[in-house]
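Across the two complexes that follow, subunit A remains constant while its partner is subunit B and subsequently subunit C.
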Partner chain A sequence: MGAKHSGKRGFLERTTSSFVDAMEHAFYAERTARVDGLLQRIDPRVKLVGILALVVPAAASHSFAVILGLFAIAVVLAALSHVSFGVLLKRVWIAVLLFTGVIALPAPFVTPGKVVYHLPWLGWSVTAQGLTSAGYLVLRVETAATLCVLLVLTTPWTHVLKALRVLRVPAVLVTILGMTYRYLFLVLQSAHDMFESRRSRMIGELTASERRRVAASSAGVLMSKTFDLSNDVYEAMLSRGYRGEVAILDEFRIGRLDWAMLSAFALVSIAAFWLGR
Partner chain B sequence: MHIPDGYLSPATCAALYGTAAPFWYVALRKTRKLLFTRLVPLISVFAAFSFVIMMFNVPIPGGTTAHPLGVGIASIVLGPWASILALSTALFIQAFFFGDGGVTTLGANCFNMAIVGSLVAWLVYRAVAGRSAITSSRRVVAAALGGYLAINCAALCAAVELGLQPHFFKSATGAPLYAPYPLGITVPAIMIGHLTFAGLAELVVTGGIVAYLQRANPALLRFTAPGAPMPHDEGQPAATSGWRATKPLWTAVGLLMILAPLGLLAAGKAWGEWTVHDFSNAAARQKIAQVSRNVAPPAAAPSGLERLATVWTAPFPDYSPSFVHSAALGYILSAMFGIGAIILLSILGDWIAHKVRPGPSRASARTEET
Partner chain C sequence: MNQINPNGGAPPPAFELSDVTYRYREVTALNHLDLTVNAGRRAALLGANGSGKSTLLRILNGLCFPDEGTVRFCGKPLTEESIQNDGFGFDFRRRVGLVFQNPDVQLFSPTVFDEVAFGPLQLRWPPDQIRRKITETLEMLEITHLKDRSPHHLSTGEKKRVALASILILDPEILLLDEPTAALDPKSASHMIDFLVRAKDSGKTVITTTHDLDIVEDIADECFVFHEGRIAAGGTPAEILSDEALLRTTGLMHSHLHVHKSGQVHAHSHLHRHEH
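Up next is the complex of A and B:
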């Protein structure tokens, strides 16, 4: 399809780089979860419930001050947990601004309401209601995303999953989530290897229809591999005595710091709900 | 299409968690009964596969790439209920671990993509594929169409959810509190992207994987097509069927979809498509005369036209369903429904023709089987 510039990345390169990004994200999260910080020290169940208790009022509040306050709390928690601001800036703040910011951009012009400003030359009118609305959207998304990232960056994923039992998620689902995460990296790795080996054997450009066929066939091969893998896993589970029942070890202990943090989360959450009515 | 936190009001989020919950419950019960001890390993590994598929950059006609959702192929291989579980699991990990899609909006995302997507893909695939052989090219078309419609239905759900926000949730001054755009903006903005790029990516992936599996691993397609005849000699019939055989059809469909919005630019009315009212309207009369080599139309509407005008009221009068207030959006929606209906009809006609008079290829396939 058209002339390809030599510097332009093809779909093979782009797909491989998104695989690598996902793996990097996971390795980084594992590293920060081991650092000795405030959030890393508290019980995963407290952390899960506490962070969700802050995300919900951030999504519900009718007041800028409350959402800003929750954002400030998220920033303080990040600092106390040694999560680098550079990473937050790159992965959350700028990423959200690029996506949601662009979506919110036309809102001041298309939302009906009181006109506060006319754009010179273009003559478009900016409404107060539109500005408020765009502000709410961006601020809410930034705050909720920062809080969620904090949970993941300070907790090993297996602990997040076990903590889900507090929310009465059935043990079967928690096991499925845990195993999915475990095999995710295996499937990612084999997809990555497939694309890498394909790339290493290519000396020219593929035509458009060849590229589509490569993408679909790779997905098909990956699917066949996935089924073989699930059979192997199943047999391995059976040979170790699996009979369809799932039990999860619950080794968490709630200490004094956990109670303190739980009450702090509850207090902030209730205050945010009340102030942001 | 992954809706992040903050775009939907907590009330909408709660309602959609509530809507998704019974589907999850039924899916878990049905899958457990069917797979029993196989449930955990199969769903887990398949969820991991779905997650990876969402990272594929699929080249689509026109030189760009787009990410597929993989809901079509999941539904075709696993059946709709297991697909709901696998996709929901993948979406959960995306939301919690990778921050793709919100936590409060997870119910909405699972409803749109996992539940609506799986059910639509499965229904379309079953309806179009019928009882055709596992390696029949009709299955490729059915799969591609199922994937295309599934992702578009999911996108339409997301667009409606987002578009309803400013109608219901406003601050005291009238500023929208959540997603700011009304239905008239969200539906076209989201649907145009999905009817073209994302839809095509899904179409290519779903049809392509089925075509590949027909050649390489037809057993995987057995599960949702229990009665379908298997190839006697693997690879033999598939060589002539599959993706390639249906190429002209897809070219035509793609062209139609791209050209459909052009109708918006064409002004005026097509010759002969006048309504009863046009005959009594002075301006319309003048236009009719102008395009009819200055032959003046009759003074009153022809009595036959008048009588027949009330016999049939179209579901989408003037290409705009009555519940849609934007003409442009209505036109695009109508085009989508129209193309879908045409494809279904042509496939149905093809099927009937085969039933009545078995073609040479089908007859030879039968003798091979026996």
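Up next is the complex of A and C:
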């Protein structure tokens, strides 16, 4: 292989490292979901419905104070559920600010209204209404994303999927999503091992054409492996009596805390709708 | 097996294969094979890799069907048509369980609990019975602590035990095991062997594929040696293990370098039932 030497991390290093990152994210989420915090103690169905009940007014409210209040509630829930603010800052708040900020950036300049500032060199006007629109967008997305991430970080993903049944999501879809999640890790591990084995046999960095060839051949091998795996899994399902219809065992139980939290979510949601109308 | 023969004689064999041939395109995996496994017996299918053992297990589990020849399950024809018949198919899946060699294939559910519940749910057991049986099965295999874990967090030994639990919960009369001790560490392998030894008193028919000759006498009452898609020999474990020429021809025994405590290195056959 015509490898060239470089001090920078190569294509294979970056790819294997991104596989490891993806797995670490998932493992972190599963670890947090097992911590003894407030949200972790709630039935996943109550949590799913409750979080949705807060996300909808956050998206629909016309009051800055109400959205800010919902954001504050999300922060308090995070603290009571032992979710690290560092993780929220890195994965949600900064990421959302950057992503939504790009979308909201033109709003202060293109929204008509009272001019509050002139950009000295470009001569563009910044309007109060434009700043308010941009502020609403960023705050709404920050609040909704924080609430959704709290749901995922405090609930095992498998429970989130099962809880979707309460929203009448068909059992077959829940099962497919569950299997996808299950085998994602196996395929990820397989891809990681393939790239590691290549790394262990080469020195230096690959050229651009070699990188493309490695990526294409790896994708092909992975696809072929996945196809074989799917056939084997289907046989394993048939072997245990699968005949085309999916059944799921619901092992959730609603207790006092769940009812109390459901009531609290409902009250906050109704109040947010009323105050932010 | 608790089946009563209507004619009053001995019950029919659990499986009866006659002149079975199975091909993967141009490769012949099973070649005019005849085999009978009687009910309540523990049979070991011995053979080197690629000798057709796993294909045979898939045929016995009604997952694929021979190109030629016939398979009978408890006296009834086992065909693609019969297994699609609701009555027969339902009964067959309840009575025959297969533990795959690769546990990742078998553990497709998001958690261990869901995995063990999958079979009973397909067979429409009542939810309370499923929950009770899950608890009993996990306790029996000493894996209750894994109940809420995802399969990708488990070791190979744990995965194998969960795969076994997912079949044992159905309490099948016939248990098919594909290389149950492959890739296991000694402790996990010994757990699996202990289970197979205990199966002797359960009255179940247990058919195990393996190329591990060290465990054969413990897990089987009879052995069938596979070679190139046929049965090269059959007999008791003692008879088969004493036939060194047969084991060499079929790739189950070979010579390799061996280091003794004294530091002496020499080559001898790879059957580890020896003492120094």
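Please note the rule applied: the second predicted complex is superposed on the first by the 257 of 277 C-alpha atoms of A that agree within 3 Å, B and C clash if a C-alpha of one lies under 4 Å from a C-alpha of the other, contacts with A are read in each partner's own complex, and residues count from 1 in each chain.
Basically, a residue touches a chain if its C-beta (ideal position, glycine included) is under 8 Å from a C-beta of that chain, and two chains touch if they have at least 3 such contacts.
A quick note: this is a predicted structure, and the numbers were derived from the prediction, not measured.
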Three-chain arrangement built on subunit A, subunit B and subunit C clash or fit: fit
First, second, both or neither for A:Arg240, with subunit B first and subunit C second: second
Contacts of A:Pro156 with subunit B and subunit C, given as first, second, both or neither: second
Partner chain in contact with A:Leu229 - subunit B first, subunit C second, else both or neither: both
Which superposed partner A:Glu24 touches (first subunit B, second subunit C, both, neither): neither
First (subunit B), second (subunit C), both or neither touched by A:Leu249: second
Partner chain(s) touched by A:Ala59 [first = subunit B, second = subunit C, both, neither]: first
Dominant contact partner of subunit A by residue count, subunit C or subunit B: B
Touched partner set for A:Glu205, first subunit B, second subunit C, both or neither: neither
Vertex subunit A, arms to subunit B and subunit C (CA centres, degrees, nearest 10): 90
Touched partner set for A:Glu196, first subunit B, second subunit C, both or neither: neither
Minimum C-alpha spacing, chains overlaid - subunit B and subunit C, in Å: 8
Intersection of subunit A interface sets (partners subunit B, subunit C): 157, 178-179, 181-183, 186, 229, 233, 237-238, 242-243
Residue ranges of subunit A in contact with subunit C within the complex: 30, 156-158, 161, 178-179, 181-183, 185-186, 189, 229, 232-233, 235-243, 247-251
Subunit C - residues contacting subunit A, complex: 58, 61, 63, 86, 89-90, 93-94, 97-98, 100, 102, 104-111, 113-114, 117-119, 121-124, 127, 130-131, 148, 150-153, 166-167, 170
Touching residues on subunit B, where the partner in the complex is subunit A: 4-7, 9-10, 13, 28, 32, 36-49, 51-53, 55-63, 65, 70, 73, 77, 85, 89-90, 92-93, 95-99, 102-104, 166, 171, 173-181, 185, 204-205, 207-209, 211-213, 216-217, 220, 243
Footprint of subunit B on subunit A - complex, ascending: 1-2, 11, 14-15, 18-19, 22, 25-26, 29, 52, 55-56, 58-60, 62, 91-92, 96, 99-100, 104, 106-107, 110-114, 128-134, 136-137, 140-141, 143-145, 148-149, 151-152, 157, 160, 170, 172-173, 175-184, 186-188, 191, 208, 211-213, 215-224, 226-227, 229-231, 233-234, 237-238, 242-244, 246
